[in-house]
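So, here come the structures, one by one.
Shared chain: subunit A. Partners: subunit B in the first complex, subunit C in the second.
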Partner chain A sequence: MYEELKAIVGEEFVSKEPEELYIYSSDPGTMPPVKPDYVVMPKTTEEVQKIVLLANKHKVPVVPMGGALSLSGLVRPLRGGIVVDMKRMDRIIEVNEKARYAVIEAGVSEGRLKAYLDKKYPSLRISTPDAPPIATVTANALIHGSGRLSQIYGFHSEMITGMEVVLPTGEICRVGSCSVSPYWFSRSPLPDLAGLFIGWFGRTGIVTKLGIKLFPKHRYRDVMIFVTENPSYVSDVIWRVAHTEMAEDITVWAQPRPEWAEGFQHTTIYVTADSEEELEFKKKIIRNALMDYIKQKEGGFLYLTPGMKAMFLQEPMSQLVRFADVRRGGGFEYVGAILPVDLFDVAYQKGLEIVERLGIDWAFSIRIIGRSHCMMFAYAYPFNRADEEDVERARKALHETNKAVLEMGGIPWKAEAPAQQLILESMDEGAKRLIKSVIEMLDPNGVMNPGNWEVK
Partner chain B sequence: MLEKVNYAEIVHRCFRCGYCKFPSDYSEINCPSYAKYRFETYFSGGRMWLIRAWMNNEIEWSEHLGEIMYSCSTCRNCVEHCVFKFNEQLVDVFIAARSDMVERGLVPKKVGEFFNNLAKFGNPWGYAAKRLEWVGRDYANNEFLLHAGCVAAYDDRAKKSLKALLELLDVAGVDYGVFSDEICEGNEAVIMGEFGLFEQLMEQNRKRFEERGVKKVLTPDPHAFNAFRNYYGLDVVHHTQLLWNLVNDGELKVGKVEGKLTYHDPCFLGRWNGVYKEPRKLLSRIGSFYEMPRNRKDSFCCGGGSGNFYTDYLGGKDSPARMRVKEAAETAEILVTSCPVCLMMLDNAVSDEGLELDVRDISEVVLEALKS
Partner chain C sequence: MNLKFDPDRCFNCDSYACLTKCQYLNYDFESAREERIKIAKGEYSKVLEECKTCYSCEEYCPYGNHPFYRIVELQEEYGINLAPKPISKQLVKMYATKEKDLAAIREVGSKALSLCLFPDLRDNVKSKLFEGLPVIMGRQIFCNLVYLHFANMSVIKERARQTIENIKKYGVDELVCFHDECYGFFNSYAKAYGIEVPFKTVHLYEYLYNWLKENEDKIRKLNVKVAYQRNCSNRLSPETDRILDKVFELIGAERVEREYDRENGICCGAVFQMWGEYELAEEVQKKNVEDMAKSGARFAVFNCPMCYVALAERTAKAGLMPILVSDLCRLAIGEMPKLPGRD
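For the complex of A and B:
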């Protein structure tokens, strides 16, 4: 099989060496490593197709990989096989400035697309997630990622306008407007086949090209932080700010360190505009929306130094990754709970109860998605990867948090394999049968990333 | 600086987030070995995790592991862009791990050849000694000892640039001499983890310097500049610095050169030692200067550092040098650098790519400006 893979992608882009198998067996999270048999790096859709056909011939699993930064071990090859690192497929194929979309190959990183737009299309932007810039736009959208424009436009999966997919049986197909037209402008008004590939963690095919919405980039950006000391106020604070329709992005963070931050909830509000007057107007409207809290001395805006502002305005915020060094051990993982915003207080209290009981370091980081339609509530736990007991403590906290999230009516995002099983336990029987049927229909040989969304 | 970092306390702290792959604006892959190989093993995060795995006996040493370790050109892009507090120690970790491998006799074949030649002949290729005899100007209590470095002493293209520098020094009346039997200063030896060989070379050089009364060193080689400045603790000047002073003080009366100029920052001059301004001031004075998108701390390495100009782990059609000259060709007509290693790597890459791009050392363009 090694020889056949070499014939497809070239000798320099396939490996079965222990070093590559070691690195591709895990991501930076807590999930235990699982080694692949081969790692390949295709350059074209046709090469991906040949790899998938080969996998079918040998009945060997295939696992597509982007930036490998889900932290929940999603690109570990749970049944071995071939890990397909997509990052050599890194062409930005088209930017349609007027229709505001880009067509990219699956390996294009968030950082590269952002830099490309900044340079060539300065009036356009993507919704940048706060993942490191090597995270791929395609994988982030396919796992229902969210980012700096999600408060207005929703999950990144909702920003997909079309895709090219290599199906588990090796056929290439297009979904969205590009299946009919040369333009990748929309998934409507066709049957929405994109849903067959979003949120499936590569279980139903390998997306090789993606159409993604772009958005207006405004000249001025600013950030405001509203601080409360009572988590029961936060869902109302969010509701009020979202209601103004003046905020581009709303996040909330709470953490015990540094000391000045302990016990407070920080609602971070990003405002953009095309003039200073517009910016000041928007900020004024937001301040007015929260005036009741200020008058009652239940909340107030934090003074931000220029250095702090610069940090919060950075896209992506590199500061977030530094959380991995809290225990000087290079690790953190989080449960990203997708929850209704009005459950903020319940979710917050439950999180505190878990971290206090387990005695674990923590940070909560929440992004509002849609006009407070829901939120991604990240319960983040750092660990020292050189200390197995510390890793196990984080694993336990993550598992307990996953269970708690489901109990309170939420759903863990980008769930690792054990958490997927927890979700399936709670899932409607009809939905489970449908998941099983879709997988069996699309992937008769069971080669595509098996072990994920396994309905037993 | 020669103290070996205790990497066991650091390697597990790498999150493998990948910020170190990029320049400041994330526009391109800026880690030369990752840009060529694209496997996650070939960037700093991958190396950190592999060192830890090797340390913990999760993987064994292999020729392949050795090649991964030595394909790092130690360009320090990762040091500039890593977001963690241990960023300054990243390259030191790789050097220390290489050193431990060397101590156990674990080096890839080509690296072993490099060390053997350096030990036996004082240069990586095993060429004959008396490498600067042709200069005909032996050091005799001059103001500067001109140390050419291995590549300028032996590589034909780099030798040509050295001749241009000598001509400029003569015109300006700079008092210098060379050791006709110059030997390697050992920068690559220490960076490649052969601390013992480096100590030996440093001792030999120090002894010669003391015996012959050398007080100040001038070098066109940023690798040598780095070793003399940071490990020997000598008073050393890079030729870009001296040339700028000579031009600025009117000792060299320069005109203008034709054609658009751009500048490639050598890693051992820029990111290692912070020399960015002088070459730019020079080029702006003598011609139309344009920056490549990746410059200064974001410069993209030619792939020659850390012995890769000899081992060629970063060679081939996807080599960083070939990527770099394509970027230069989109910016200017003349690609200027100030390092014999970069000059050799980039000049070869232009030939391989068949580009209409002139690659020159800064001495050569200053000399042209002098004659114009």
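For the complex of A and C:
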């Protein structure tokens, strides 16, 4: 097979060397490593197609991989096989400035697209996640990621306008407007086939090109941080701010470090505008929306010095990456619970109960999705990978958190394989049957990232 | 640790300037007397809730009876929250000395410059003006007077002696205070509470004056008009305002006469923003900067880094050039200071 892969991608871009397979066997999370048999780096859709056909021929699994930063071990080849590292497919094919979308290859990273737009289309932007910039735009959108514009426009999956996919059987197909027209403007008004590939963790095909919405980038940007000491206020604070429609992004963070932050909830509100007057106006409306809390002395805005502001205005925030390695040893994972905003207090208390009981380092970081339609409540647990006890503690905390989230009525996001099983346990039988049928229909040989969304 | 406050002075006062001169509250002699007597007796007075914590009455009282410190003590006693509670509480935690701050203490020699809690100014004091003067800063030497704006006298008292001890550990006999507030702590607050300060303190203005006087040959007079923002903590050492005049004279800066300077100086608004009193903040900032702009000054000059942060942008938009006093002196000796907090 090695020779056949070599013939497809060239010698330089295939490997079966143990040290390289080792690197591809895990991510920074707690999931135990699983070694692939081969790693390949295709350059074109046709090469991806050939790899998938080869996999079918040998009945060997193929696992698509972007930046490998989802942290829940999603790019580990659960049943071995070929890891398809998409990073070489990094062309930005088109930017339609007027219709505000970009067409990119699946390996284009968040950092690359952002830098490209900053340089060539300064009035356009993507919704940047706070992930390290080497994360890929495509994988992030496919796993329902969220970012700086999610409060206005929803999950990044909702920003997908179309895609080119290599199906598990090797056919190439397009979904969205690009299946009919030269323009990749939207998934409507057709039957929405994109859903067959979103949220499946590569179980239904390898996306090779993606149409993604771009949004206006405004000249001025500012940040306000509303501090409370009572988590039961937070969902209302969010509701009020979202109601104003003046905020671009709303996040909440609560963590025990630095010491001054412990015990407080920080609702961080980003505001953008095209003039200073507009910016001031928006900030004023937001302040007024929270005036009851301020007058009752129950909440107030943190005074931000220019240095603090600059830190919070970074996209992505480097502080987050630093936190991810706070225990040293490069271990970091979080349960990203998708929950109704109204459950903030319950989710917060439950999280505290778990971390206190297990004595683990933690940070809660929450992003509001849509006009408080829901939130991504990240229970983040950094750990030292070199310390097995530390890893085990984190694993336990993650498992307990996943269970608690489901009990609360939430759903763990980008769930690792065991958490997928927990979700399936709670899932409607009809939905489960449909998942099974879709997989069987699209992937008769069971070669596409098997082990994910496995309905028993 | 008790405040040296003599209620009899207030009962028998012939002035009540502490309230009649207040720029935020509207009291005539009679009503001022009524409220001040309540305050002297330790009773609740509406002044406790109305006070904007501008420190000025410390300067207005002709008898040095510490009217403002007295107000803050009673504000705390009556549980008055000037700012939202989480903001006040978080601030108290933020500036508490940590183990690592104490570990940073080193002997630096007999003289040092205290840069308080303003690491952003580190580069601004890299100047001939401060040559040979080691810089110390951090929470371990923080005077904590900021809590006067948050009705929290007890935290200042609690930390006061430790702050002084920490400074002593640097081995200094003489401390130059960059910020008025530090100087006020050693020379007004510590005296008001009978706390001994075992080293000499020098106000920045005095230090600058002495340096410039000794190096007059290095000065090229700026011949500019400047509008000065007198900060709240300078009220704790009003005598230093006169020294500033002498500094300005040496460097050829004309301190313009304007409504909101000297005894009438007004707040930069930062504290009101922390309290959530945005309209008040806007009002004081607007009238202050408009007053600066119409004075014909070229520079808006600050000593307090907090005032600078609060007003720099606004003064720049009004056509003035915001600058710190020390940086203005640097210009006069041919140095080009960078903007505070910018790389």
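Couple of notes before you dig in:
Here is the rule we go by: the second predicted complex is superposed on the first by the 456 of 456 C-alpha atoms of A that agree within 3 Å, B and C clash if a C-alpha of one lies under 4 Å from a C-alpha of the other, contacts with A are read in each partner's own complex, and residues count from 1 in each chain.
Rule of thumb we're sticking to: a contact is a pair of C-beta atoms (placed from the backbone, for glycine too) under 8 Å apart; a residue touches a chain by one contact, two chains touch by 3 or more.
What you see is a predicted model, and the numbers here were worked out from it, not measured in a lab.
Taken together through their common subunit A, the two structures put subunit B and subunit C side by side without a clash. Contacts of A:V39 after superposition on the shared chain: subunit B is touched, whereas subunit C is not.
Using the contact criterion defined above for the overlaid structures, shared-chain residue A:D428 touches neither subunit B nor subunit C, since it reaches no partner.
When both complexes are overlaid on chain A, the residue A:W260 reaches subunit C alone and has no touch with subunit B. Once chain A of one complex is fitted onto chain A of the other, the partner contacts of A:E389 are absent, as it touches neither subunit B nor subunit C.
Of the two partner chains placed by superposition, A:E3 touches none, neither subunit B nor subunit C. After superposition on the shared chain, subunit A has more residues touched by B, the comparison being subunit B against subunit C. After superposing the two complexes on chain A, the closest approach between C-alpha atoms of subunit B and subunit C comes to 15 Å.
Residues of subunit C touching subunit A in their complex: 81, 83-87, 89-90, 93-94, 96, 98, 120, 270, 273-276, 278, 309, 341-342. Residue ranges on subunit A touching subunit B, taken from their complex, read 12-13, 15, 17-20, 22-24, 27-28, 39, 41, 67-69, 85, 87-88, 109-112, 114-116, 118-119, 132-134, 318-319, 321-322, 324-325, 328-332, 384-386.
Across the complex, subunit C is touched by residues 227-229, 259-262, 264, 284, 287, 291, 293-295, 297-303, 305-307 of subunit A.
Per the touch definition, subunit B reaches subunit A in the complex via residues 12-19, 21-22, 25-28, 37-41, 46, 49-50, 53, 58-60, 62, 64-65, 68, 83-85, 318.
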